[in-house]
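Take this structure, written in structure tokens, and hold onto it; I'll ask about it next.
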Amino acid sequence: MEALISLIVGVLTACGVYLILRGRTFPLVLGLTLLSYAVNLFLFATGRLAIGLPPIIDPNLAKPVGGYTDPLPQALVLTAIVIGFAMTAFLIMLALKARAELGNDHVDGRPDPGDRA
Amino acid sequence: MNLFFVILIPFVGAGLTGWMSRFGRTPSAWTAGGVTLLALLCLMPSAAVPFLGETLVQRWPWIPDIGLDLALRLDGLGLLFALMILGIGLLIILYARYYLSARDSLSLFYAYLLLFMGSMLGIVLSENLILLLMFWELTSLTSFLLIGFWREREDARKGARMALTITGLGGLALLGGFLLLGEMAGSYDLSTILASGDRVRAHPLYTPMLVLILLGAFTKSAQFPFHFWLPHAMAAPTPVSAYLHSATLVKAGVFLLARLFPVLSGTPEWSWLVGGAGLATLLVGAWFALYKHDLKGLLAYSTISHLGLITLLFGIGTPLAAVAGVFHIINHATFKASLFMAAGIIDHECGTRDMRRVNGLWKFMPYTATLAMVAAAAMAGVPLFNGFLSKEMFFAETATFYTEHDWGWLLPLVVVIAGMLAVAYSLRFTHDVFFNGDPIDLPRTPHEPPFWMKAPVGVLVAICLLVGILPMLTVEPILTVAVASVLQTPSPVHNLAIWHGVNLPFLMSLAALLGGLLIYAARRPLFTLAAQLEGRLDAQAVYRWTLGRVIAFAAWITRHLETGSLQRMLLLFVLSVLTLGVAGFVGSGSPLTGTRATLPVDILGVLVTVGILAAAIGTLALHRRRLTALIVMGALGLPVALIFVQFSAPDLALTQLTVEVVTIVLLLLALYFLPQRSPVESSRGTRIRDLGVAALAGAGTAALTWSILTRPFASISDYFLVNSLPGGGGTNVVNVILVDFRGFDTLGEITVLALAGLGIYAMLRDLRLHGPTQDADGRPWNWDLHPSIMAALTRLLLPLVLLVSVFILLRGHNLPGGGFIAGLIAAVGLIMQYLTNGVEWTHRRLSDNLHPVIGAGLLIALLTGLASLALGYPFLTSAFTHVHWPIVGDFELASAMAFDLGVYLVVVGATLLILIHLGLLHRASHATSLNPPEPR
Amino acid sequence: MKLRLFPHPVLTPLIALIWLLLANSLAPGQILLGLLLGWAIPIFTLRFWPERIRIHRPLTLFRFLLLVLYDILVANLNVALLILRGPRRLTPAFVTVPLDLRSELGISLLANTISLTPGTVSSWLSPDRRSLVVHGLHVRNPDALAATLKRRYEAPLLKVFEPC
Amino acid sequence: MNPLVIAPVLLPLLAGTLLLLLRGTLSLRVRRGLNLTMVAIQILLATVLLMTVSEGDILVHTLGNWPAPYGIVLVADPLAAWMLLITAILAWFALLFAVRGTDTGSRHFHPLFQLQLFGLNGAFLTGDLFNLFVFFEILLLASYGLLLHGGGARRTRAGLHFVALNLAGSTLFLFAAGTLYGTLGTLNMADLAVKVAAAPPENLGLVRAAGLLLFGVFALKAALIPLHLWLPAAYASTSAPVAALFAIMTKVGAYCLLRVGTLIFGEDAGPVANLYSDWLLTLALITLIVGALGALSATELRRQIAYLVVVSVGLLLTAFGLGTPAAIGAGLYYLAHATFAAAALFLLADIIASGRGASLDRLTPGPAIPRAGLIGGFFFIAAVLIAGLPPLSGFLGKFLVLKAALVDPAWPWAMGLVLTSGLLGMIALTRSGSLLFLRADGRSGATPASAGDLAPIVGLLALCLALTIWAGPILGFAHTAAEQALRPQTYIQVVLGPTTRTEPR
Amino acid sequence: MLEILLSALILIGALFTFIGSLGLARLGDFYTRLHGPTKATTLGVGSLLIASMIHFSTQGNGASFHEVLVTIFLFITAPVSAHLLSKAALHLRVKSLANVPPRIDEADSGTDSR
Amino acid sequence: MLNLAVTIALGLVSAAFALTLWRLLRGPDQPDRILALDTLSVNAIALLVLLGIHLDSSLYFEAALLIAMMGFVGTVALCKYLLRGDIIE
């Protein structure tokens, strides 16, 4: 499973990086979204993978400390997701503002060269 | 502490003079003069000290840690210079009062002059090397102001900038040199440094240090090849030239040579560098001086030449040469100051300084002419004038040099040639201006200037004469103490007599005089030759070229670096990160794979992998069709949530699912205003490159993940698992971490969310965007604003959604859920109403002012934390208790729940604020908005 | 005023019930909380309900619901078979069903019922809301289908929601 | 538990929240007054905190009463207190300038301003790596809001670039922090320091990689080459008070490089000791020269100043990269100077631009600025400051760094590049100064800058003067802070030491 | 007995889910594909949820009926989704095997107010 | 037996998931993709329920509930976009 998770993180990163290198605001947003998926999964995985051990304490069952998965990365990912959402929202708004003020959706506000393909 | 006052008074006086401007020109002049006199008076109590063979040091601690004190010293050299600076300064102030026209701001001029004077005094009186350097740079800055005083003139601005650039360059080199010197000597105090000459000269870094310091000295003293700034500085008002280029600015460089003479001199490097530069400058200056048609240009090059002479003397390095050097400093100051002033008078009276037009002034201003001719004679080294004495000592030193070195005979030969040139240009100054026929086409008719304008010239010329005739009575005492402080030993025996008999130096002087006469007589062919040579070997051209290249290079490199392309920046970022990460990992020799056992692959694992890869790669492949890409990307959230579920993170799954849909709504709102397709802009090569970089980045993160996941692990989390219930009062450890163990993170996180809301709201104010009236294929939008089947049923769902939201909020502390997820669910429920019923309909039922909700949420969360602070516990300390009520039973009350409520409110408020205001964008952009009809 | 305080007598117990479903518990505390929410949520959400829902014949409604459940079961089997048989044998068609129902909720419920049951999806409602276009997966006789839909679903809904 | 440690964080948050809630209730005047007062109190708090820790004491606030490394801690050491004070003072002057009108250019200026301070102060005080990330996001998001304050095409483009790059930076931060957590199992920086030093050899690769990834994050914030490219446009196109406040933004990155570089990857970090030094020194020196070339080629005053900020970053990080107490002390002294001087110049540039009519701050001949003499005088002083010319604080800072550099083998490089960049900067400023003030033709007809407009500038310049005059004691403090940072044992002991819980729960 | 019931429900549910998606993948035009998921999945997930309900109710931790909620939700929303999708497809004139009534085209090509 | 049933069911639902995914990528029209996305949520609910039974944990119920809710909102928003472009108007 670890290999699959690594693969997932890698592919998400690669797709995200490729998209942020495109010159338009919308792919940029998509790319950053993919990157935040990648990093959230990565951050989550740093607590290692465990199946069926959610960190919900059962007061009736005296499970050992190892009986739960690591809760901290989950809390971190939660925070990261929220922050990522806020940032994405802001970036989207900014993309619209750029569209309004620069007249096109190129990240540098370059005039539209038209669809060459 | 009188030395401090000597320096401080001109600085304070500068302000005072500026302030005096409101009372007119004369009061300004009086103030400036008074200030200078005051400084001179302040110096007087200590003036005797050098004559007793002592050095006065006054110290005021400043930054003792690094040996930088406000330490001043007064020795013979300092006294000599201070007297020259103040004395000639006084004359300049008087002269300038009459020289500057009514249009010029005299008080500003005096203020700059006094600032400069103070800086100059600082140089010569500094005991601390760094302090000296500070004043050194201050002279560069203030001279910039003075040279550029006539700011409306282009040549003045350029001249000032050039002077500042060259002397600034030197100043920076000097900083480097001083730093090294200070390290070598172990102190920045001159007293220590002057005593550690042997140590310094033996130091391995002696040569670089020497070069750096000499760069400073040479640029300031306009030594070849840095001499070219000086003629351009002639654009300054003549009093400035008279001051800066006689006794002060350019003398700072030779002062430095004199100051550090005991430490730096006595090595071949010193001789070659200083002597070589001096000799070249002597010759080059004299050569160009002869051919300048501008009177001040002639004087400027002659100044360069004389500075070269002094430098050469220090380069020769014998004690007697030092005596000659110091002596010539004095002499040059007097005759050159008077010559500049005379030139100023001529300029003032004739309206031009062009010697081809200025002729025969003898008839118009005989007194001025007499004074000028005396000074010119001193410059030429004619006997009975002071210049003769020092020049003869100079010839004597070169002659001595000849006896001690192979090829030494060259030196006397060259200096005699330079001497001839000096005589020739002095002669030209005299003959071409005051005789040589009648003036040609002068703008004004010249006559004698006001008395007080001539008076300073007269004083200086008198000094030239007195020194020239009675050296032992006039200059000898101060020269002796000055030389003593230059050499740090008592002055060598020297004889300042006018007549030493017929010896080699006398013959050299004679040769120079006669040769000069001959050259001047045969000047015509030489002028032609010079005109042909002009433009070659032009250091100024080199400077301009260099500066131009530097600026062009700067522009080139900046243009290529800062292209303003975000893609470039991001590419550089990714590449930098890759470099850093790879360098970090590879440099360590750690294995990629650790020893931890891995989990077996199961069907769900394969499924989510396939799902995520398909969605991610699909998004990439389809990214140009934006809506399609968005839909495909929308499929990412599910498998990711499944991963979270599978690997024991229910809270994350819930969060992921809600955030995902809000993000999609957000992207859809934005997409409406954007093109529906991305054009292909980058070339095939660029795309392949980007794919390569992306693949590398992906490989990097995959390797990182793999490397971590396969390593054994111990973390601080056990503490959370143990303390969550007893200490935090909740069984959902993730939630307890969020609201308690790391509640501060959460406080920050909701602040981020609130900020996003506020920021977006703030940005919307002036935003005008026009949404398309048809879709990407040119089809008009559907008539049905709010399909009624959808509308009717989603209204039914609202209570259900809110109920779920409350449920998730309340259970969060013990089971998956919490304020954030609950807030998002509520927000989604409300957004659904906007989606299906429209803004207008919804706003009639729900306020759109969400700021209070956000503010209240933040405040609740903050107050929860502050409450504990008020009770004497750290911020955000939680408390919980179990309450037992009849019927209801046992339930828990926790402060963390209040905190979570704050989170909930911020999330609802901010999410709605963002989405609604984005949704309203279209309406805001149309003055006459389409009023969607109200569904019945 | 009374209306504001207890805005909906049906909704309150319904919400309380759903709360208990959610909480998966019948503890007294949960019942109380459920009732509390059942009281509070309608106060906030009632503004979003455009019309009072009046149910005139609860028994007919109940029978209708059973019928629909039965139809859903059958429909699923049918559709499953159709899908397994493959696309070639299908004769899809759009069928227009004229509507007697007038209320928005009634029409919506009819449309949903049609979508949930035998091989049909409500595809389009005319702007005047007088006819509903239904897509059938495998339609042999369009008129018969329209008639069946009207008889089987619209009639009971008319009785329950628009008895006049 | 010391409330003094957390007060600089809570006060701006409270103020920001109140300003948000009372937006509609209070008049603009009152809100301005409230904001200014709050910042003034922050200056006071920071001063008191600085006095308290000036002997090298370290104060800790264990948030939620959970001991480190489990809970989040705020740590006030001399370094943090120094940053807090600089920030608060800078903010006050920037705000003083803003309340003269620019604050009405956009909604929510005042809450955003306070929340920006919340983010900055939190970043300086936090002792937890992930919490640092959170504060980064706060201060960035607030700065995005402020950056775009007022609108305009250039500003929007610069903002978009700034946001996009920083989002990429945030992603990187999470990767780095996650790697450290996944390897060492902790997030508290003191605990990380302990665990890094004890890391087994097979984990060194991950630790080093994470450390250098963090370096990348901070380098982006600090505008270290080649990650400096966002800065010129961002600083040059935002409104003056925001640009002035931004003078501290690059310093956040520099601070983090210093903090993490000395605490986690410092002398005691065993095999990863001094992980940052070489990278930092090399890149900082290149940054110096690239910044200077940029300043030389700039065609607008504000862009030139922005590049001079890059130069100052280069010098600052050169000092940090040298890594000796003397060098870091010099750097901390220079940091204060560079912040105030850049802020003064940005404010001044605004006045110049508005005084030149249509020519704005373009470095082309244009009409004369009203009160050119006075403003030119200020410009002259500010230019002397930023170019590092004697006798003011800029020179002292440069001198101190160079002096400290002499013990490093790379000293010829350091000296050569520092001096060259100084020369280029001087040439650049001379060109622009002489263009703007000496080569003016005609009058622009703009209203002259009032005393109130100039007051913040005078204040900032006076601060630099004060830095010059009292360089002795200030440098003494800076050395204390530097030595404290370089000997993190005390920090670690205080943070991780015997539980500091107020009482058992 | 219970286990047989459960297993049957689970298998029926999974089978219908599968068939629904099969229809989505196999059928010839959008409108016919729409029938697959919206019907087969309601029953499929319905069966699974009933199975889950029975399973957790018999685990000894009391009754578990909250799955009903998911079912209710799906039953309300699935037809709405289907209707909207169909409406959108008609609006976009997505290729159809059945003849599209001409009045739909007329109405949908009008301007954007009623 | 239950385990076997669950395993077979997981296989079937996974196959359904894969088929749906194929439709998502294949299209050809936007409604097809949205339909696939909607179906994917339903498949995911099925997977979650099976997983819950498999792991004997009821903690996955909320995730299923949320998928049902959020999937609907997503579908509505996307359809609205196709119909009107402006989804909140």
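So that you can tell them apart, the chains are marked A, B, C, D, E and F in the order they are listed, and the count of residues begins at 1 in each.
By definition in this document, a contact is a pair of C-beta atoms (placed from the backbone, for glycine too) under 8 Å apart; a residue touches a chain by one contact, two chains touch by 3 or more.
Please read all numbers here as calculations on a predicted model, not as lab measurements.
Looking at chain C and chain F, the chains that touch each of them are B, E.
Seen from the C-alpha centroid of chain B, the farthest chain centroid is that of C.
The interface with the greater number of C-beta contacts, when A-F is set against B-F, is B-F. Distances from each chain's CA mean to the overall CA mean are smallest for chain D.
Look at where the CA atoms of chain C average out and do the same for chain E: the two points lie 15 Å apart.
Centroid to centroid, with C-alpha atoms defining each point, chain A and chain B lie 40 Å apart. Separating the centre of chain B from that of chain E, both taken as means of CA atoms, is a distance of 68 Å. One inter-chain figure worth recording: chain C and chain D are separated by 62 Å, centre to centre, where each centre is the mean of the chain's CA atoms. In chain C, the residues that reach two or more other chains under the touch definition are 18, 22-24, 111-112, 122, 127. Annotation for chain B: residues 564, 566, 570, 574, 606, 646, 650, 669, 671, 701, 704, 708-709, 713, 715-717, 720, 741-742, 745, 749, 752, 755-756, 759, 763, 781-785, 787, 789-790, 793-794, 796, 800, 804, 815-816, 918, 930 touch two or more other chains.
For chain A, residues that reach two or more other chains under the stated contact definition are 20, 25, 28, 38, 40, 42, 45-48, 51-52, 54, 56, 72, 79, 83, 86-87, 90, 94-95, 97, 107-108. Pairwise chain contacts present here: A-B, A-D, A-F, B-C, B-D, B-E, B-F, C-E, E-F [touch as defined]. Residue ranges on chain B touching chain C, taken from their complex, read 783-784, 787-789, 791-793, 795-796, 798-800, 802-804, 806-807, 833, 837, 842, 844-846, 885, 887-889, 891, 935-936.
Within the complex formed with chain B, the chain F residues making contact are 10-11, 14, 17-18, 21, 24-25, 27, 30, 33-34, 36-37, 40-41, 44, 47-48, 51, 59-60, 62-63, 65-67, 69-71, 73-74, 76-78, 80-89. If you check the complex, the residues on chain E that touch chain C are 16, 19-20, 22-23, 26-29, 31-32, 34-36, 38-40, 42-43, 62-66, 68-69, 75-76, 78-80, 82-83, 86-87, 90, 96-101, 103-104, 107, 114.
The part of chain E that touches chain B in the complex is made up of residues 72-73, 76-77, 80, 83-84, 87, 91-92, 107-114.
Within the complex formed with chain A, the residues of chain D that make contact are 130, 134, 137, 141, 144, 148, 151-153, 156-157, 159-161, 163-164, 167-168, 170-171, 174-175, 177-179, 181-182, 187.
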